[in-house]
Amino acid sequence: MSQKTEKLIDKKGLRLDGRKPDELRPIKIEVGILSNADGSAYIEHGKNKILAAVFGPKELHPKHLALPDRMVLRCRYHMAPFSVQERKSPAPSRREIELSKVIREALEPSIFLEYYPRTGIDVFVEVLQADGGTRCASITAASLALADAGIPMRDLVVACAAGKVDDTIVLDLMDTEDKIGTADVPAALMPNLNAITLLQMDGILTSEEFEKALNLTLEGCRKIYTMQKEALKAKYVSVKEVEE
Amino acid sequence: MASVITRVKQKQIVQLIAKGKRLDGRGLMDYREIKVEQGIIERAEGSARVLLGRTEVMVGIKIEIGQPFPDTPNEGVLTVNAELVPLASSTFEPGPPDENSIEIARVVDRGIRESKAIDLEKLCIEPGKKVFVVFVDVYVLNHDGNLIDASALATLAALLNTKMFNYEIDEGEVKIKSGHTPLPMRRHPITVTFAKINDKLVVDPWLEEEQVMDTRLSMAIDDDGNICAIQKGGSGYFAPEEVLEVAKIAREKAEEMHKKIEL
Amino acid sequence: MPTSFERRQLVIPGDLIAEGEYIAGENAYAEGNKIYASRIGMVEYENKKVTVVALRAFYIPRVGDMVIGTIVEVGFNGWIVNINAPYEALLRASDVLSRPFKPQKDELSQVLEIGDLVVAKIVAYDRAHNPQLAVDEPGLGKITRGQIVKITPTKIPRLIGRKGSMISMIKQETGCQIILGLNGVILITGKNLEDEELAIMAIHKVEEESHTSGLTDRVAQMLKEEKAKREEIKNESEN
């Protein structure tokens, strides 16, 4: 019995979890929660629970990895064995290696790498619980961790995915929708510069559908950006007081 | 020593592109010369060799019998691996696949899988128990830029060249009969890669263009002009309008490619 | 010329602060005629210069700064020092020993070994080279006693206070010697542990409430209350 006959959108136009097609899952973000890391952030996006930490800038060891004129950004995306339905081996999978690369490439353009040559920044992302859209939530959290570490940046990076489910373009796919749906388009955005730093797609879309999905995910990104900003400021607003 | 590009050359490339030309005389939207050969490795069930300019990629297909994935019990299995063989470039080190070879393999896989190029249901032998497993091994033999498009094209050519042995089920055992059947292929996805160099887009970047580019965007297009895979690679970024322009041109180039390469 | 934020407002990286004929100061950058923030902090305007006073930043070495660091490696002609910055610092043997130097590793570790603390001055630093330290002034050199406290480097000026008012007050109230490394590392040497603890309390209070006013008085008040409490406890235990 093929799962493909299961309907993902009901007669009222609502999805399996009751959301409308253009609705985001609930998001909760906290910045600066790890005491050892130079910067950190924690995000809950739907059932995703993801921790991001930043160490650096610091001298790179081994030294030959360092670049003479800029910082090197290293990124490790990793899923905890208990994060998915069937226990995942702790060894890095090919998917984790690819995601580590695309997440790094999504964050790099936002950092002023030229400021501190010969140093390195390590970004570690641990997915504690996964439910679709982990790479996007990881980028959103990692970008906050970078800002929390005082790394000079052009902009924050925020990410979101849209896709196609039952002939409808929807925003923010959860795991079931991702597996059974017909397309998934994750994208990362520097919102103030309107610059897309991550873009992938798997599935099939006509060019019109793709344009719709792209616009929807960028809209989703901007909505999440408001929450990202708030989470970052929340850590410092209590420090700063209106006085003088 | 191909790994470091001189500043003089970097400037040359960028300046020419700003004027709409490339160092090797191509237009911004032109591919290099493409040569495709099929059936070069007789021991493999299918094979092909693609020359894209001086980039050379060989793909071998091996068919075995194995178990299906639990969530697709009626479908055969496709698995793609890529090797950036050390002899292909002074920058490739021996060892397990690194992030670049993994990315190439997964992008090629996506193009084939999402376009449903292979009729995987026809590869089912015994539902839930036995299916044909298609092993695609991408072997990069010379790196002169745009490994993704060369690998995707070589993979497509190799799959179209693939013949599976005939079989019959005798007392629950798979017995090989005489004769062969071509691998059931339904679609012919073509992957088109663009590089962004100083706000200009070029198709099919060669090695030195890749060394100066800001970033790249690859799109896999099926026979009907649908997009079935996208991968932005490298640092750098795209404006939303640039992404849509790439989608438009990718579809045009894929159509051109279908007509040009008779597979 | 439009500005989107007022003085002392909180900005985050990517916030558009001003547009028009402005120049970007620290922790801000220009893209075309727009000035954006590059770090979290508070906006300051100085005529046409837009600066962000960073709330979160690591220490960037500066020539002339006095810093406190830890020896992490003994090399052949010097030591490598961790000064809590993106770059490790170098302390050359020739700048430490008062006689001509023979490169034998053992000799060096007898002067300074891994784990030793030093107060030093940055005498050289540029984009292509790691910061270089010297200890050839009075007050610099190996630290033999005291406690180390680390705070965000951006708060050191607040800890110093206007004309040194904050730090002098703390020194006075606690009777401790306090050396402030501009890299956020602080050395406290007191007559006993309790005095040093008092000083550490005061420093943490300044770090947490650095953006409030009347802080010097409040810290002084807190120290007086703490000392009174301790007197009381001592008296009780003697009775």
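Read from first to last, the chains carry the letters A, B and C; within each, the first residue is number 1.
Criterion: a contact is a pair of C-beta atoms (placed from the backbone, for glycine too) under 8 Å apart; a residue touches a chain by one contact, two chains touch by 3 or more.
The structure displayed is predicted, hence computed values, not measured ones.
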item: Shortest contact path, chain B to chain C, counted in steps; value: 2
item: Chain nearest the global centroid, as defined over all protein CA atoms shown; value: A
item: Centre-of-Cα separation between chain C and chain B, whole angstrom; value: 54
item: Averaged-CA centre spacing for the pair chain C and chain A, given as whole angstrom; value: 34
item: Centroid distance [mean C-alpha coordinates] between chain B and chain A, Å; value: 27
item: In chain A, residues with contacts to at least two other chains; value: 190, 193
item: Residues of chain C defined as touching chain A within the complex; value: 8, 10, 12-16, 27, 29, 31, 36, 38-40, 42, 54-58, 86-88, 127-128, 208, 210-213
item: Complex interface listing, chain B residues touching chain A; value: 71, 74, 97, 99-100, 102-103, 105-106, 110, 113-116, 215, 217, 222, 225-240, 243-244, 247-248, 251
item: Contact footprint of chain C on chain A as seen in their complex; value: 38-39, 56-59, 68, 110, 112, 116-119, 147-150, 152-156, 190-193, 229, 232-233, 236-237, 239-241, 243-244
item: Of chain A, residues touching chain B in the complex; value: 2-3, 94-95, 97-98, 100-102, 105, 108-109, 179, 185, 190, 193-207, 210-211, 214-215, 218
